[in-house]
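By letter and in written order, the chains are A, B, C and D; residue numbering begins at 1 in each of them.
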Amino acid sequence: MTTPKALSRREVLQTAGLLGISAAVISSSALAAEAGNLSFAKDSGLVTGKMKPLKYESIPGLLTKEQVTPHYQAHYGGALKRFTTIEQQLDGLYQGKDPLGGDALAFIHKDKVNRMNSVLLHELYFDGLTPKPGDANDDIRAALSKRFGSIDRWSEDFKVCCMAANGWGMLVRDVVNGRLYNVSSDLHEIGVVWLGQPLVVCDVYEHAFYVDYTNRKQEYVTKFAQFLDWNEINSRFRSLAS
Amino acid sequence: MTTPKALSRREVLQTAGLLGISAAVISSSALAAEAGNLSFAKDSGLVTGKMKPLKYESIPGLLTKEQVTPHYQAHYGGALKRFTTIEQQLDGLYQGKDPLGGDALAFIHKDKVNRMNSVLLHELYFDGLTPKPGDANDDIRAALSKRFGSIDRWSEDFKVCCMAANGWGMLVRDVVNGRLYNVSSDLHEIGVVWLGQPLVVCDVYEHAFYVDYTNRKQEYVTKFAQFLDWNEINSRFRSLAS
Amino acid sequence: MTTPKALSRREVLQTAGLLGISAAVISSSALAAEAGNLSFAKDSGLVTGKMKPLKYESIPGLLTKEQVTPHYQAHYGGALKRFTTIEQQLDGLYQGKDPLGGDALAFIHKDKVNRMNSVLLHELYFDGLTPKPGDANDDIRAALSKRFGSIDRWSEDFKVCCMAANGWGMLVRDVVNGRLYNVSSDLHEIGVVWLGQPLVVCDVYEHAFYVDYTNRKQEYVTKFAQFLDWNEINSRFRSLAS
Amino acid sequence: MTTPKALSRREVLQTAGLLGISAAVISSSALAAEAGNLSFAKDSGLVTGKMKPLKYESIPGLLTKEQVTPHYQAHYGGALKRFTTIEQQLDGLYQGKDPLGGDALAFIHKDKVNRMNSVLLHELYFDGLTPKPGDANDDIRAALSKRFGSIDRWSEDFKVCCMAANGWGMLVRDVVNGRLYNVSSDLHEIGVVWLGQPLVVCDVYEHAFYVDYTNRKQEYVTKFAQFLDWNEINSRFRSLAS
């Protein structure tokens, strides 16, 4: 069964009000989730400043440990380290320790977007794969079929986006209109959708596949679509959908 | 008082379950908001395919009607028109009328992100201004003070981002970690944050200010911060916050 | 008649050698041009650090003085001022006054490319227009006809590139293979050709036309092609062509 | 001794005119170089449509054959293949076989810049390395010392640019002002200098080093600077310098 998303304190109190129930009777367990109601967000390095642990050190048939380890440690870890450094620099600036402005600040403001995206997308990439994949199910299956005609047709278009991208191929849900889009992104900070929620995230930076596939990107992208953790993707889909 | 955000049907039912109440007793009024629980989203052209009406045809002291009219009609309207054309092209492709692939599809996949962002950001820009501005209030005031030290300090950093940008200067809430960031974006599709929610949106494409200010961008940006509709911005801030 | 490009000292001596003539008999007038053999380069702000004077303060029928003045003063002048500041910063760094590295240097390294391109392209834009245009002639006419079928067909494709661009539409000669290309550039530093020589340069940043045309970009672009100084463009074409 | 660059027919005739010699007496051998006077250009795939042969299948101590082969075959070869396809498409369009315009043309116009740059830079990268490196010499040595203080100081700054880049780190000579710049480029079409001549070209796309170095980019970049073919770089430097 899918797990319902956690509700925020405000949401519970608000609904209780609509239902004519005083806050006093609401159990504390329902109020636990103050920090964020997105299943994939709570352990994110963007929240904790620490690396989110890998679910799998390899995905047999798709990615070896030799491929995954430097990817996770150096690329994900490196982006997170730089992000936390920038957060500290911004905290220092905003607390008045330095004047605001100058070339260094201009650089930090642009670089932070690159790093934030890199951290989040790497987490969604690693967590979206499983060595024991099933089929697309529940809400996400219905949504993909409705938008793309069929899962196969979605997959075909998704591969087009991956092959055209230098950075990331993605299935994205636009939070504003609720529609699904396949997206090609050439760099962490390029080709991004404001209020777009990445659901399926394929890292096509060459560091993601070059150990196992060298330049055989098409083979990597094709196999990638066969090892998706559809329970995870379905959970993402439900977490921000109304 | 601020209005609580609408809840989705699922959320109400879920909370009702936590509270031990059957769905049957929940009033239908509480279930109205199926389509999306973001206040700024429901009339968006990304949802309706139609131009969201202007709240104000001018903002005396900031923008004349001569500045606003072509901006709204040609730039916002043009992006929306192109977006709806692309949606139709994608619908046709996904319904199997054409094979997927080729140079035209590659272009559409990249262009759609540019247009989607342009539509949303223009709506947030126009709707975020008021001829009768008040002060930052409630949650957003507290959040800005906490992150930036003070509203003034936020404003100073925000202007740095606007001056450094060729497209958009923004205050953004990262939906994943809940933190606030000022952001510089050089083109609709560049410098964007995945799952970033734009709260304050300043269009610094030259079409936004050249009629009224020609090259005096600094003056435009400074005045812009004085005509913000903080009720609207606060409402945005609350709509996706936990 | 077209003026032959100046030869460098080395070229004259080299040819003299091929011809069996000693350097001693070569007149000093042939040796004047040490500094650079590109007609458009010798007064460039990239060389002198000073603004290249405008040939025309307006182009009646295309651009008013109200349009040209802030464009020249603020946009061209601003880019040049920033470029000269960066040059001074780099000189300081390279002379060992500061350690190399850090966020500020990272920013300067990227920003300088933006500014260098802005300076050069603005000079080529202003100098490429004339209030008394003739027809394309000589070498450039032949080259355009050969590549694009006809001048009209080139012009049609050129307008496509201008309309698709957010920054610059250009006719470019690739110095490596000698072929002509129409190019769309979205920002000063994007969509650029290594060893590409811009011949016809249309500024489509909105500051270039918004005073005179507001959003009527198509009208601006169409008229632009009617006020080209083909003698100047032909001179550019010959200056780097073998 | 360094080889003087070939002169074009026009240059020889022009100089002959200055020297008072009729064209009739100029030997035909001096007129051979019609196609282009840049040493690195004459065999470029941009000219011939064919892959420029590798000088070395590996650079012992820097790059193995396992690293070089897919890089050369798939990445350089792939860019060249796509470039030649685009050239054919453009030829077809310009000869009137198809109307000009549409999404496919918009894509081709942007994609061609990416591919042209990729072809040229890969050629300069491979040709700029040698298994038996010497020291920087002649003109380039003097120019580097003048600009950067010393070769070491240039090298230090060059590595900064390589580490900051996602695509290419380069030493570039601006053809307009003759000055040297280190440049960081994130994608083939980004961070490029109009009329910039790449002299030292380091491919930092991950495909360039991931087989031999995985994520140890710093080690790769440091070693790269030790295997430069300074004769080749000096020849490039002289070929467009006055």
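By our rule, a residue touches a chain if its C-beta (ideal position, glycine included) is under 8 Å from a C-beta of that chain, and two chains touch if they have at least 3 such contacts.
What you see is a predicted model, and the numbers here were worked out from it, not measured in a lab.
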Please name the chain that ends up farthest from chain D once chain centres are defined by their CA atoms averaged.
B
Can you give the whole-Å distance between the Cα centres of chain A and chain D?
38
From the mean C-alpha coordinate of chain C to that of chain D, what's the distance rounded to whole Å?
21
Touching two or more other chains - residue numbers and ranges from chain B
106
Chain contact topology (line, ring, star, complete or other)
complete
List the residues on chain A that touch chain C in their complex, please.
102-104, 106-108, 111
Which part of chain B faces chain C closely enough to touch in the complex?
70-71, 73-75, 166, 186-187, 205-207, 210-211, 214-215
Within their complex, chain A touches chain B through residues 4-5, 7-12, 14-16, 18-19, 21, 25-27, 30, 33-38, 41, 44, 46-47, 93-96, 100-101, 105-106, 109-110, 112-113, 116-117, 120-121, 147-149, 153, 156-157, 160-161, 164, 174-178, 181-184, 189-198, 240-242
